[in-house]
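What follows is chain A paired twice: with chain B in the first complex and chain C in the second.
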Partner chain A sequence: MYSLEVRNIKMKYDNFTALSDVSLKVKKGEFVTLLGPSGCGKTTLLKIISGFITPSNGNVFINNEDVTKTPPETRDTAMCFQSYALFPHLSVLQNLSFGLIQRKVDTKKRSQILEEVVAQLELTTELEKLPNQLSGGQQQRVALGRALVMRPEVILFDEPLSNLDALLRESVRIEIKRIVKLFNLTAIYVTHDQHEALSLSDRIALLHEGSIIQIDDSETIYTSPKNKFVANFLGSSNIISAKLIKKGNKKNEWIFQSEIGKLVVYSEEVSVKPDVHISWRSEKVTFNKSSDNKIKGKIENIFFLGSHYEVFVKVNKEIVKINVSNKHLLNKEITFFLDKRDLKILED
Partner chain B sequence: MNLNKVLILLILIISFIWLVVPFTMAILWSLVDPSEPWTVDKIFPPVMSFYRWNYMWENSNLKEALLNSYILAPTTALFCLILSIPTSYAFGRLNFYGKEIAKLLTLLPIVLPPFVTSIYFSSILFEIGFQYWKFGNVLIAHVVLFIPFSIRIMTVCFEQVKQDVIDAARDLSASKIEVFKTAYFPSLKSGVFASILIVFILSIEEFAIAFIIGAPDFITIPTILYSALGQDFVRPNAAVISLILVFPNVILMIFLERVLRSANPALISGK
Partner chain C sequence: MKALNYLKIIALLLPGFGLILFFLGMILYVAIFQSFGLFNLSGEDNFTLQYWEKLFNRKVFYRSVNYSLYVGVISSIISVALAYPIALWLRKPFYGSIIINSILKAPLLVHGLVAAFLFVNLVAYHGIINQIFIFIGLWDEPIRMQNDKNAIGVLILQVWKNLPFALLILLGSIQSIGDDVIDAARDLGANSFARLKKIIAPLTISSMQAALIIIFIGALADFSFQSIAGPTNKYSLSQLMLYYKNNGRWHEAAGVGVTIMIISFLGAIFISYLTKFIFFGRKINEFK
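Entry: the complex of A and B
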């Protein structure tokens, strides 16, 4: 049984299509991130799930019940807003208990739920304060707590870390993951930040122009992007066009001719198109001579990024980007190797 | 001395000339005793007493005018506020075709000179048989004339209500009344007070409509003040009436300013 199911959702505003035929199934306790650039439709989808927008077509199911037309007031979801949306004139405690009072939860049960959430979020000393007396991180925790006390079937996050500075973002991210797992919540998380998505999610749904392009677990979506858009959006990729020469001697091996030379690629596909794009992650280069593909090029630019050097290498006429940790390898020319399993054939 | 200091000094001097001097003069003139006139060669009145205050209180329609004015002004303020809310909500929260033009149209009563509005109102009210209920006539005219101020203030307040806060309240199962109380009202509170204050002051000081539509049966403080400034002009008497007109406004402003301070924008925005 799925906690949440979104079936063939379409959302049209006059001539603009915000979402076209989006479907998604989320299991109980699963953390799914809707990732994509601005305007891809991720927030619209979140608002449809929460009930603030009624879709032009399609259905939303929570616990197998069709809630497409159920208003947010009675829908079993709770949202953490990007701006926190705390009630500024109410104290932390009043903010936290607001939803429980609206649902007419009796006083004893209310204090029991509040006590648990307040302890988990370490808000005990802040209860009497007003939201404007709290730091950004504390406000975010109150917003999270306010949603948690509702014990929702699905908890929704709308870019909750975007207003925090980098350090705080990391600690709140850890906190969100811990709390969601602790309460075994089904979570839908909207972000345009790939690091947040990769670190938090059980699965990532990558949206582009109102459609889900790829939905997979973090590792698969990162290592095996389906197309050019996914490869470019997540991490740093090199994408080169290549022509198929022949099937290799070994099983699942394909040999291509590309701008950077002959490439041996591992793919379990039964057939491969003659003209393709091949992608590989900048950090996937090795200097192990036993690797399948040897590439030699001239170093054009070097940027020091703390943990590694970002090196732009000219191979024939193509510029490729590689990550190198060892400074001693950075001479005028560089020879690196690519494992055939790190090369991915893109769909389009 | 830098430019900022020069400007501050200039503002202080202008404020002094604009506010303190006329006020002091009005107070002094109201205390001039009729036994000894205040002539140009004297800095202060030679004899001061409350004779003028007593005289005006006993021998003019001041009591009736005060009662009329202090019933009319708060009623106008309240009606303007209540009637402006639906329009302000539409301007502040809804999107519709021609919104900007509609916003401009609601400002029209301010653009027209008050005497033109007054004459138009008196004729239309008399035409429909309202000539006997003077208080009602002046009230209707004041509401029409001053409602643009309420609409303008309340529109800004409605615009400031954050959609996220409204959504959060709804998401937490709040009823419509509770959404209004929690999400709207904290942002509207300062606007409600500002609207009441401004319309109250405008209504209590309004002369043209009160005179053309109300006089001679319905008199307000400005009606008496203008007659005191007319053919029987007695400066000390005029000073007494003008002070009676101004003092309650000042007290009201101070009171509302304190109330508004508690509804500060930082608290509303949460930042």
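Entry: the complex of A and C
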């Protein structure tokens, strides 16, 4: 049984299609992130799940119950807004209690729930304060607490960290993950930040132009992008066009001719198209001579990024990007290696 | 240097603020002093409480106070209550909303006397409403609606005239509430009424108070609507003041004037506290 199921959702605004045939199933306690660039339809999908938008077509099920036409006020979801949306005239305690009072939860149970959430979010000393007396991180915690006290079947996050500074973002991110796991909540999280998505999610649904392009766990979606868009959007990828020469001698080995030379690629596909795109992550280069693919090029640009150097290397006519942590390797020319398992054949 | 700066500020404020203060002060001074027998226009000045005593011993004075309070309270509440849903409806622009908004504000441009005259034309014994209803067969004979004893006509006119004003004040305030805040309330289970009562009204309370107070004061001291469309057996405070003045009883007229000012002042304070109590009165004491 799924906590949330989105079935064949379509959303059209006059001539513009915001979502086209989107389906998604989320298990109880799963953390799914809707990731994508601005305008890809991720917030529209979140608003459909929360009930603020009724889809043109398709259905939303929560705990197997069709809630497509159920208004947000009676739907078993709770949303954490990008702007926090705290009620500015109410104290922290009143903000936290608001939903419970609306749902007519009796005073004893209300106190019990509030006490637990307040303690977990470390808001005990802030209860009498108004939202404008809190820091950004505290406001975020109140917004999270306000949603948590509702004990919703599905908790929804609409880019909740986008208004926080980098340092605070990291601590609130850890907090969100901890709380969601602690209360075993089913969470749908919208973001355009790949780091947030990768670090928080059990699964990531990557949206592009109103469709889910790929949905997989963080590691799979990162290491095995399905197509050029996914490879480009998530992490730093090199994508090169290549032609199939032949099947390799070893099992699942394919040999390609590309602009950076011959490449040996490992793929479990039964058949491979003659013209493909091959991608590899810039951090996947090694300087271990036993690797399958040896590539030599001229260094064009070097950028120091703290933990490593981002190096642009000209290989034949192609510029590729690699991450190098050892400064001594950075001469005029560089030779690096790619493991055949780190090269991915992209669809389309 | 500091003193010079203060002088500069005072000099800059004087043409506006000074003028207001001067005339307000003068009116208050003259009205209050006159009500105590001073500032006598037809004789010697004598400090006395007799004019206030006369006022307090007359039933007509209390009836006027009650009637003016009735008109002031009812018209301010209805105007603001009706303005809220309209302001919420017009909160987000939609096709035709600018035209609707402009039409709704049109009564602000019509003078009260003109509006009352038009209203009388509608509700008169041989007025348009009676003629239409007789024509379509709903009524057999004309109904007397003009100068009704419950002042429904006055209330309609007051609301018609003041609703656009309340709308003008409330609309900007409601538009400044973020969509997310209202959506959050909805997401937490608040229905339309709860959203209005617990979120929208408290967040627009300053505008609500301003609208209520200004409409209340205006309606309390109404003269034109009452004179033309009001009940003939009751005097509003303004009418009573004019009656005394026309009879040369300036001191009693001043007493009524002071009464209007006192009721306006107390009414404004009462409205401020009452609205605050209604929307912020209850505290949640989960951990106390």
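Just so it is clear, the second predicted complex is superposed on the first by the 348 of 348 C-alpha atoms of A that agree within 3 Å, B and C clash if a C-alpha of one lies under 4 Å from a C-alpha of the other, contacts with A are read in each partner's own complex, and residues count from 1 in each chain.
Just so we're on the same page, a contact is a pair of C-beta atoms (placed from the backbone, for glycine too) under 8 Å apart; a residue touches a chain by one contact, two chains touch by 3 or more.
What you see is a predicted model, and the numbers here were worked out from it, not measured in a lab.
Steric overlap between chain B and chain C is present once the structures are superposed on chain A. Once chain A of one complex is fitted onto chain A of the other, the partner contacts of A:Phe337 are absent, as it touches neither chain B nor chain C.
Once the two complexes are overlaid on the shared chain, A:Ser97 sits against chain C while remaining clear of chain B. In the superposition on chain A, A:Arg146 contacts both chain B and chain C. When both complexes are overlaid on chain A, the residue A:Asn132 reaches chain B alone and has no touch with chain C. Judged by the touch definition given at the top, the superposed model places A:Thr74 against both chain B and chain C. In the overlay built on the shared chain, the residue A:Phe312 is in contact with neither chain B nor chain C.
Clashing C-alpha atoms with chain B appear in a single stretch of chain C, chosen from 98-106, 134-142 or 278-286: 98-106.
Contacts of chain A with chain B, set against its contacts with chain C after fitting on chain A, overlap at residues 50, 52, 71-74, 77-79, 81-83, 85-89, 98-99, 102-103, 146, 150. Against chain A, in their complex, chain C makes its touches with residues 178, 180-181, 183-191, 194, 198-199, 202-203, 280, 284, 286-287. Within the complex formed with chain B, the residues of chain A that make contact are 50, 52, 71-74, 77-79, 81-90, 98-99, 102-103, 130-132, 139, 146, 150.
Interface residues of chain A facing chain C in the complex, by the touch rule stated above, are 50, 52, 71-74, 77-79, 81-83, 85-89, 93-94, 97-99, 101-103, 107, 110-111, 114-115, 127, 146, 150. Within the complex, the chain B residues that touch chain A are 162, 164-165, 167-175, 178, 182-183, 186, 266-271.
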